[in-house]
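What follows is chain A paired twice: with chain B in the first complex and chain C in the second.
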Partner chain A sequence: MASLIGSYSLILGFCCSLIIFFFSVRNFKSPKSFDYKILSFTFLQLFFVIVSFIGLIISFINSDFSNETVFNHSHTTKPLFYKISGTWGNHEGSLLLWLLVLTLFIFLFLIKSKKQPNNYRILTSMFQQIIIIGFFIFLIKTSNPFSYIFPIPNEGLGLNPILQDPALAIHPPILYLGYVGSSIIFSSALAATTLNFISKDWAKHIKVWVLISWIFLTLGILLGSIWAYYELGWGGFWFWDPVENVSLMPWLALTTLLHCILALEKRLILTSWVIILSIATFTLSMCGTFLVRSGILNSVHTFANDPERGLFILIFLFSLIFLSLFIFFFFHKNENNNNSFFWLSKESSILVNNWFMMYFLSVVLVGTIYPIFLEVITSEKISVGPPFYNKLIIPFLIPFLLSMAIGPKLKWIKSEIQNKMYLVLFLFISFFISFIIIKNLDINFLINSILLTSSFYLFFITLRDFFIKGYQNLSQNLAHFGFSLLILSILFNNIYSTEVITNLKVGQTFKSKSLIIDFQSIDKKNEKNFQAIIGKFKIKELDNETIILNPELRVYNQPNIITSEADIKTNLLKDRFITMNLVSNQDYFNIRYQDKPFMIWIWLSVLLISFAGLMSLLKKRYEN
Partner chain B sequence: MYGRKVKLRFFFVLSVLFILAFSAFLVLKSLEENVIYFQSPSEIKSLSEIEKKKIRVGGMVKGGSISIQATDLKFVITDFKNEINVVYSGAIPNLFEEGKGVVAEGFLKDKNFFLATKILAKHDENYMPPEVKAAIEEK
Partner chain C sequence: MKIKISPLIYTLIFLIIFFIFYKGLQNSNIYTPNLKIEENIPSFKAKTFNNDKFISEKIFQKDKFYLLNIWASWCVPCREEHSFLTKLNKEEKIKIIGLNYKDDKKNAKIFLKELSNPYDVILLDEDGTVAIEWGAYGVPESFLIYNNKIVKKIIGPINEELLTEIKILIQ
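Right, the complex of A and B next:
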């Protein structure tokens, strides 16, 4: 029943799109007043999509296996929470979520943009509807979440157990708010370009939307990363996996956009940058969807290897890119060409930031796309691993960090550096600290000490500003401070991490100079949809108290998959992380124990960065 | 002569071009050094010489071939035409099982012996390296 309502609701929603598009075109020809039918139908469309989405959720809750999506991704013994999260834990449902966010954002946009000119609002709505129509067709034609199967199966196939996890249950909605939220920036940038409406006011108005997408995207990536850390059992937080990369690329573009918008708002410069970046952010999000959905990349996100879907998204993606580039080249008039920058000014520092970001973006892009290209052209299979990214990104991170410290201190138009003394002094202090830290370690001295110096430099400069400047530019300073904290934690984490991998039988003990791992016992426990084997490990480190860790092996019944659940003891200084694994029909357990210093600070600093975004957003609202 | 501004702009364009070329060079060079090629046991058999570079070998874990000791793990990767012995010490992913697909990363000692430094976890129980799939379909 719920499926049926959902299915019809989806079609009604699609009809609304066509109606809105028709009204928008008519209204656009005589835009004396805003046609409120557009708003009403946008609301109606949102309503239908919500109904359809709820319909799917209810089908999942009731385990209605006459619905193919539910059959493929759910099971009666699954806990309620994961039945619900299963709704978007698959291709069809997640696309419905895309659509939900698309319609939600255009509705909110129309409500919040009442002060803006009519034709701009109408055109934005029109562009957004083009995207929405594309996704409606995609959803209904190639991946309908409400397909009916007969005879009705008694039991579903179950959700991939590694997706049955709290962080990953909320990861898609949050990430999508960021990903798809950028669609509204795309639409409105295109509308503003067409109407030649790019102005300081427009910048101020669109900045709110940029911030919202950016905050959600940051949090979404964070959640995915935390999940990979404890669920995949590798103990790392970023693997340069293509699926991670496709979420990082829109983030880089969006972050750059955020900085350019500032310049646009204050000085009416970098307009081309803003337009290109608005287009790039959304296209990269789409591109990510294409890559993970088409089955080109193998990962948890690949729900189905269906070439038709990939082809559709690819065609849709290219038409959007073509449309936006057409608009950019034919409508965008670069009027104020006399904006020669003085080399020492805030705008040139933002420009420098842009180039760095674009460099990082292209490195990630090449690393992600190149293997696919090569496979298509020469059918040779390669993979590009972390060394590639490390080598290309780390050296450029150094000047990037330094300019992040200096840049915000500069004034618009023309600036001089005042109080040069403390800037130099801080550099020496940072270098001194790094020197002491690195000196006794057996690692590459040069690159590490310079990198550490520049991170400490940013850290101290931003820290000082909290006291000197107080509330002035607080959110900006907080974000930069968070970034320095992030890089510092990553560095220390890399430098001081240790790990032991060994095979042990129950009752055996592993001993090394600084560590004793005592595998005391195993325990069995039956849960609703899995059987758990829980190990008991006594860990004694030389300089630490003894701790007990209980990693788990879970044997899920449907689908029949074994997952290992890490056990992690976290404190402010370090994480102690253990996973165990059983090799089929052998007595030995494969044990991996890791000491991960400052792990929690990596998460906290990213949280801090997104919090800074939130603060800036609230401040904007307060000002208006 | 040209004005100061024109000279400056010329200089700017030149430096941008230089930076672009330089970074393109870096990216390509780094790619060349850091990519890892994927090969099947049959492809390894047909190699003319053993390279020292890191590679990935993919195939199925041969039934009954896994043996594990305190320090290392031995198994055989097969693509149903040829096979290769693998020695590995390190973390073992969940879906590592006899008769299932596996991808091992490491170095070739000779054509029959592979020293793995990493075994890759595949997220999906039904995953099979494409070569293996093709090999099975051929049979």
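Right, the complex of A and C next:
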């Protein structure tokens, strides 16, 4: 029943799109007053999509296996929480969620943009409806979440156990708010370009949307990363996996856009940058959807491998790209001549930031799609791993961090550096600290010490600004401070992490100079959707208190998969991370114990960065 | 009239990217190592479950289909494919040879008792060297053999589709 209602409201929502598009075209021809039918129908469309989404959730809660999506991704023994989160843990449901966010954002946009010119609002709505219509057709034609199966199966196939996790349950909605939020920026930038409305006012108004998408995208990536850390059991938080990369690319574009928008708002410069970045952010999000959903790349996110779906998104994606190219080249007037600025100024520092970001973006882009290109051209398969990214990105982080410290100190148009003394002094202090830290370690001295110096430099400069400048420019300073903290934590984490891999039977003890791992016992536990084998490990480090860790092996009943759950003890200084795995012979387990310093600071610093975004959003005015 | 060149260049670049993605879609994304089809089967020596010594030439006769299936009791996907092997065993035209890979003999026996034994002969590969000779990548893996040549290599568990494919091949 719920499925049926959902299915029909999806079609009604699609009809609304066509009606809105029709009214928008009519209204655009005579834009003296805004036609409120557009707003009403946008609301109606949102309502239908919400009904459809709730319909799917209810089908999942009731385990209605006559619905193909529910049959493929749910099971009666699953806890209620994962029945609900299973709604978007699959291709069809997640696209419905995508559509929900698309319609929600255009509705909010129309409400919030009442002060803007009519024709701009109408045109934005029109472009957004083009995207929405595309997704409606995609959903209904190739991935309908309400397909009916007959005869009705008694039991579903179950949700992939590694997706049965709280962090992952909220990861897709948050990430989608970021991805899809960029659609509004895309539509509005196209509309503003067509009408030659790129102005300081426009920048001020669109900045809110940029910030919202940016915050959600940052948090979404963070959640995915946290999940990978404790669920995949390798103890890493970023693997340069294609799927992670496709979320990083829009983030890089969006971060650059955020900086450009500030310049546009103050000085009406960098208009071409802003337009291209607005277009790039959304097309990169779409491109990510294409890459992971078409099955052209293989990952946890590849729910189903259906070339028809891939082809549809591909054609749709490139239609949008060509539409934007057309608008950009034929409507965009080059910026007027007030864009002169001195080399040492805020403008040039933002340009420097842009070029660095574009460099990072191209590295990630090449690393992600080059294997596809190579395979098509030479049918050779390669895989691009962390060494590629590390070698190309890390050296460039150094000047990037330094300019991040200096850039915000500069003024618009022309600037001089004041108080040069403390800038130099801080550099020496940072270098001295790094020198002491690196000196005794067996790693490459030069690159590590310079990298550490530049991160410490940014850290101290921003820290000083908290005291000197107080509330002035607080959100910007906080974001940069968070970034320095992030890089520092990653560096320390890399330098100081230690690992022990060993095989132990129950009752055996592993001893090394600084560590004793005592495998005390194993226990069994039955849960609703899995059986767990829980190990009890007593860990004693030389300079530390004894702790007990309980990693688990979970044997999920539906589908029948064994997963290994890490047990992690976190404190402010370090994470202690243990996993156990079955080995062919039942007698002993493969134990992996890791000591990971400053792990929690990686998460905290990213939280800090997104919090800075939130502050900037809530603040009435951006101070200079 | 001044012709704008940059829009054309960009359009061209994006068209090329489109084309490459389009082509890429048609490629399978599952990694299948290059294998020479109709490769001769390697010659090897192995013990069977009953401790008889065997030379490969003696087992594989010409004009007959064989399926060499690499399995182990500790391998979870092997349990999944077991029912398909049992089904395949009912076909008269094909003999199934099991290669028990890096396994404990006791566990392997329990495994077969529990799930039935679809194999006509079971060879032991305690240290994994025979599997290396065959160029196997992991467990489970199966090789379809005819006239002492490898006709098809299956990486991963056998499923319904692959089962029908094998049935068609041996007809």
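Keep in mind that, in the parts below, the second predicted complex is superposed on the first by the 613 of 624 C-alpha atoms of A that agree within 3 Å, B and C clash if a C-alpha of one lies under 4 Å from a C-alpha of the other, contacts with A are read in each partner's own complex, and residues count from 1 in each chain.
Heads up, the rule we're going with is that a residue touches a chain if its C-beta (ideal position, glycine included) is under 8 Å from a C-beta of that chain, and two chains touch if they have at least 3 such contacts.
This one's a predicted model, so the numbers in the text were calculated from it and none came from an experiment.
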{"item": "Fit-or-clash call for chain B and chain C when the two complexes are aligned on chain A", "value": "clash"}
{"item": "First, second, both or neither for A:387, with chain B first and chain C second", "value": "first"}
{"item": "Touching partner for A:376 - first (chain B), second (chain C), both, neither", "value": "second"}
{"item": "First, second, both or neither for A:504, with chain B first and chain C second", "value": "first"}
{"item": "First (chain B), second (chain C), both or neither touched by A:289", "value": "neither"}
{"item": "First (chain B), second (chain C), both or neither touched by A:271", "value": "neither"}
{"item": "Partner chain in contact with A:17 - chain B first, chain C second, else both or neither", "value": "neither"}
{"item": "Greater chain A contact set [chain C / chain B]", "value": "B"}
{"item": "Touched partner set for A:560, first chain B, second chain C, both or neither", "value": "both"}
{"item": "Partner chain(s) touched by A:325 [first = chain B, second = chain C, both, neither]", "value": "second"}
{"item": "Selected from 27-35, 45-53 or 81-89: the stretch of chain C that, after superposition, runs into chain B", "value": "27-35"}
{"item": "Chain A positions touched by chain B in one structure and by chain C in the second", "value": "298, 302, 381, 560-562, 583-586"}
{"item": "Complex contacts: residues of chain A adjacent to chain B", "value": "160, 162, 232-234, 298-300, 302, 340, 355, 359, 362-363, 366-367, 370-371, 380-385, 387-388, 391-392, 501-504, 508, 559-564, 579, 581, 583-586, 588, 590, 592"}
{"item": "Chain C-facing residues of chain A, complex", "value": "290, 294-298, 302, 305, 307, 310-311, 314, 318, 321-322, 325-326, 329-330, 372-373, 375-377, 379, 381, 560-562, 582-586"}
{"item": "Chain A-touching residues of chain C, taken from the complex the two chains share", "value": "4, 6-7, 10-11, 14, 18, 20-27, 29-31, 72, 74, 76, 102-104, 107"}
{"item": "List of chain B residues in touch with chain A within their complex", "value": "5, 19, 23, 26-27, 30-31, 33-38, 56, 66-73, 89-98, 121-125, 127, 130"}
